[in-house]
Amino acid sequence: MPVGQDGLKRVLDAFEQGDWDEIHLVADDVEVHLVARGADSKVQATSHVTAPEETPARTTDVAPSAPMTATAEDATTVVAPSPGLFWRAPSPGAPPFTDIGGHVEEGTALCIVEVMKLMNTLPAPVAGTVVEICAENGEQVDTGTPLFRIRADGS
Amino acid sequence: MPVGQDGLKRVLDAFEQGDWDEIHLVADDVEVHLVARGADSKVQATSHVTAPEETPARTTDVAPSAPMTATAEDATTVVAPSPGLFWRAPSPGAPPFTDIGGHVEEGTALCIVEVMKLMNTLPAPVAGTVVEICAENGEQVDTGTPLFRIRADGS
Amino acid sequence: MVQRVLVANRGEIAMRVVRACFDEGVTSVLAASEADLDSLPARVADEVVQIGPASATASYLDVGAVISAALLTGCDAVHPGYGFLSEQPELVEQCARHGITFVGPSAESIRRGGDKIAARELARGLDIPLGAGSDAIDTVEEAADLAARVGYPVLLKAAAGGGGRGMRRVDAPAQLADAVVRARAEAQSAFGDGRLYIEHYVEHARHVEVQVLADALGTTVHLGDRDCSYQRRYQKLVEEAPASAVPEELRRRIGEAAVALISALDYVGAGTVEFLVDVDRDTFSFLEVNTRVQVEHPVTEMVTGVDIVREQLRIAAGKPLSFAQGDVRVSGHAIEFRINAESPDRGFVPSPGELRVWRPPVGTDVRVDSHCFAGYRVPPHYDSLLGKLICRGDTRDEALDLAARALDAFDVAGVDTTLPLHRELVRHPDVRGHRITTRWVEESFLPLWTADRARTARAERAATP
Amino acid sequence: MVQRVLVANRGEIAMRVVRACFDEGVTSVLAASEADLDSLPARVADEVVQIGPASATASYLDVGAVISAALLTGCDAVHPGYGFLSEQPELVEQCARHGITFVGPSAESIRRGGDKIAARELARGLDIPLGAGSDAIDTVEEAADLAARVGYPVLLKAAAGGGGRGMRRVDAPAQLADAVVRARAEAQSAFGDGRLYIEHYVEHARHVEVQVLADALGTTVHLGDRDCSYQRRYQKLVEEAPASAVPEELRRRIGEAAVALISALDYVGAGTVEFLVDVDRDTFSFLEVNTRVQVEHPVTEMVTGVDIVREQLRIAAGKPLSFAQGDVRVSGHAIEFRINAESPDRGFVPSPGELRVWRPPVGTDVRVDSHCFAGYRVPPHYDSLLGKLICRGDTRDEALDLAARALDAFDVAGVDTTLPLHRELVRHPDVRGHRITTRWVEESFLPLWTADRARTARAERAATP
């Protein structure tokens, strides 16, 4: 059954009555994208412009894996220890753990790699300055994908 | 269970008692190849040197498809009308339908393409001389594989 | 002892036997040709032994290759599946000689049951009806006598003939004398032999067969009947169980005849006795015995709950059948569709190649027996059966409804298949009404369906700019 | 009317619901996130609607997305599966508001049954035993009184606590006074709140649950029990049906308690009532109600023959259950193994990636519920369940034997899975002897198994030149 006028109309009615910020559906040959007036970050979230909505809501009690690192050109590269999703903040809306130019101590949390509901917080392997952030917030990364480059203090 | 000495010995005994010409088995890491003294064409057949043993035993009552043809450089190419096995003779041991240098009339049988037990006899599309046979007897061919090139009479 | 079974076959029946081995807790060793080393049964079986090149004569049909493969891999039994060597007494004898259990009847049973003339003699001795016929006739008077006896319409056939030549249908006594003269002349010119014989012409026939299992301890049971009247060129396309269109009383007598015949053969294993039912006369006649598991065995499994291939393995191991005749209940109705790699639009030419998509339907009363998977290359060397869709319902109508939906959901791409044909067939009023006879597919269904398909294709071409 | 069902879930349960829709003859429309558009349920469902990006909060957990998807595609019902929105009263209310049937209980039932405090109150009112416990204690004397009443060993717990902090086990009255003082100090320093309470410490517990189905016409039946004591970090790993290690009389009372509770909730749909059985005392206590179909429902289906998900659809359509309590027969024993994409050798870290090989075992009493296929990329966004292997036998021993063989035959490559763990577990003497309690996996099985694996790995490394 192709999506008919009926279905579209019902979605519009529901959207007007509901308190939903945004709806984005694709069925058959129809794409529906509705954004409520006054809706803010959520819209941006699902349009993939800035920080996605997904919340690293809880960290688990599994010990974080030590991040794999690789040193090149005076900077230490922090890579993803597993496939997963790269999150720069502890929770959505929260400020990022760190940013370019930021200084970190050895062990300072850099980011979260989320894999199948498991939140893996990656600590900085060295004290130093973040010179590059190599992945986008929310990006799907693979094992070994570079995430951060940190110039160690005194190097 | 890896193949043991027992299994090998039993095969050898059976081969000596039996009237089999040739046995070729591969199991696990063992390959057994036994050829009876005095065995002739069958040996060659399964060792893939000359005409395989498979017999186009009967032709079916399905009308042979007209072979697809393509003309280039003064010669007409006869291609396989379907995937299948290319047979140059009507039955094993029989002389081939035709050979390089042979003259054919339009409609003369050139070969059989066997597909899933169906024997498809291909007729020559033109009268002329066979200048090339492009596939090996018994070869597995695909739709469109060139089989023969025939220089038409008078060209 | 049956602990390691050489599965001497390929395709969907190899999968079926491998699965039965798993169920019985015995090891399966697949005997595969070079072309089948990457096949699904080769991946699913416990072990694999390569028995020769792609060519079946040098692999699946080579008794020596099969026996040596069993010896090499230490198998104590060989399951032949159907086709290939399954009804080859030589394989049975060679198995016995080398101390290997053949999963099937004795060589003697195969010879007596498999040979049509011998089986007809046996049936005659048991008073099982044979196709009404006659010995050669000499005079027109003799012909008139015989025709009156077997009943009109009759068929005049050339004794030396075949393939329909010299065959002549006669509907009434008045036409007989002329027909005999002409048929004799035709036979003489065609075969150099003018002898004729007379049969009753069965206008509306159903192919009905009975599934039998017999263990080595002397128990023979039958699992009810199947109706396999959907045929094209004597190849079954669709099968149903039970044969519920045939009157109850006739089915009872057919079942008894099957058991009598199997018992007289000292048969051990799974077997099928085939009959032709004359729909207009409510009579039946014996056709032949199949001394192996058949392609269409799943419809019987679906309505009885008996696992025929597991029972074969039990029987071969010398165990008693796992149930008695009194336990057999035929519950509901099942129908099977053969999915062949063939182009029904192009005279059913085979269509090997790579299966880009292979997505069978899933459902509780839906069973798909197949060796296919997405990415599988259907080899050109063997037959075109890709798999079988079997659907069960509490009633025949429910089974057909389910089958219609399952066929629609069956998604195959890369090779042509008989699926489009089945999708139409299952919805046809004659099928719904259960009015199928052995000539229905070729004479009623296919001509219209083919014309329809061609018309649709033309219309589509015309609509494309 | 339930004619078009929006399947608002993913993974194996989406496949399960799509299949049940097919069986019931209703149309399935899969609501899929962007990451799941190429998944198997998206290919098998009749239709697909994309409801948002990979992130579950913006797709599978978004009530607005699910409701609008149902409206857009003209669905008259929503099946929520398990997890995600399946126990979210808001989805139920929004469905009602838009005239869509929610396949599950009312919002009110979910609230009263799903909330642990509310459910405990309800159970208390029905005289269903609760975990033996106390209100906060003030003095050592009060503690001694209570401890004597609930029975030693007891557990002192911080009222404000959690995660094991401030928890202290006391085995005998002589140790109590000292323990109370220390625990209070610990609780005070950890939570700024020194209040304690006392529970009986259940040393050997089994997790037993009862599957219930209730239709809208007032019929409530139970389908027997399951034993889900194999757990790691409160996550079930393996489940069995029936809970045959528990004494018959206790199981009868547990079943009655479950039905009483469900009836008191005016419940409509499939639900599970969970209990903890104290193995040493032969007592049971109520844990919680799950107001949805559960991951482990197939073990119950395998021993009863009831299709729980089809019954859910029937119930949602207002139809009566297709069977009565008197028809329910628990026949044989079934066991389920969760195949997770996790590395048991590396602390069970998830292991997403491409499944190079996915070859589940085939067999009559073997069922594999899964959305996986060879070539499938397991996405990192969702949980790690790849599928479930369920095996049935006439006895528990037969089920375990079959499971051992099926686990061996289960071939997966490309991602790490829990299969190696299950292969050892199923052969463990404690499992064969049916001596499992809720701490067995973590305290008995895993430490030894992990050490063993590490030793084997080291030996293999050493043997490699």
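Points to keep in mind about this one:
Think of it as A, B, C and D in the order they're written, each chain with its own count starting at 1.
Assume contacts are C-beta pairs under 8 Å (C-beta built on N, C-alpha and C of every residue); 3 or more make two chains touch, one makes a residue touch a chain.
To keep track of the chains, here are their UniProt names: A, B = Biotin carboxyl carrier protein of acetyl-CoA carboxylase; C, D = biotin carboxylase.
Quick caveat, the model's predicted, so the values are computed rather than measured.
Between subunit A and subunit B, the centres computed from C-alpha atoms are 61 Å apart. For the pair subunit C and subunit D, the distance between mean C-alpha positions equals 47 Å. Distance between subunit B and subunit C, defined via averaged C-alpha coordinates, is recorded as 30 Å. Contacts with at least two other chains are made by no residue of subunit C.
Subunit A has no residue in contact with two or more other chains.
Taken as a contact graph, with one node per protein chain and an edge wherever two chains touch, the assembly forms an open path, each chain linked only to its neighbours along a line. By the definition of touch given earlier, these chain pairs are in contact: A-D, B-C, C-D. Remark: subunit C residues 15, 18-19, 22-23, 25, 43-44, 46, 307, 310, 359, 361-366, 373-374, 401-402, 405-406, 409, 411 touch subunit D in the complex.
Listed in rising order, the residues of subunit B touching subunit C in the complex are 1, 3-4, 6-8, 10-11, 14-15, 18, 20, 23-28, 30, 32, 45-46, 48, 52-55, 62-63, 65, 82-85, 114-118, 138, 140. On the side of subunit C, the complex with subunit B involves touching residues 4, 27, 47-58, 63-65, 67-69, 71-74, 94, 98, 341, 347-353, 380-384.
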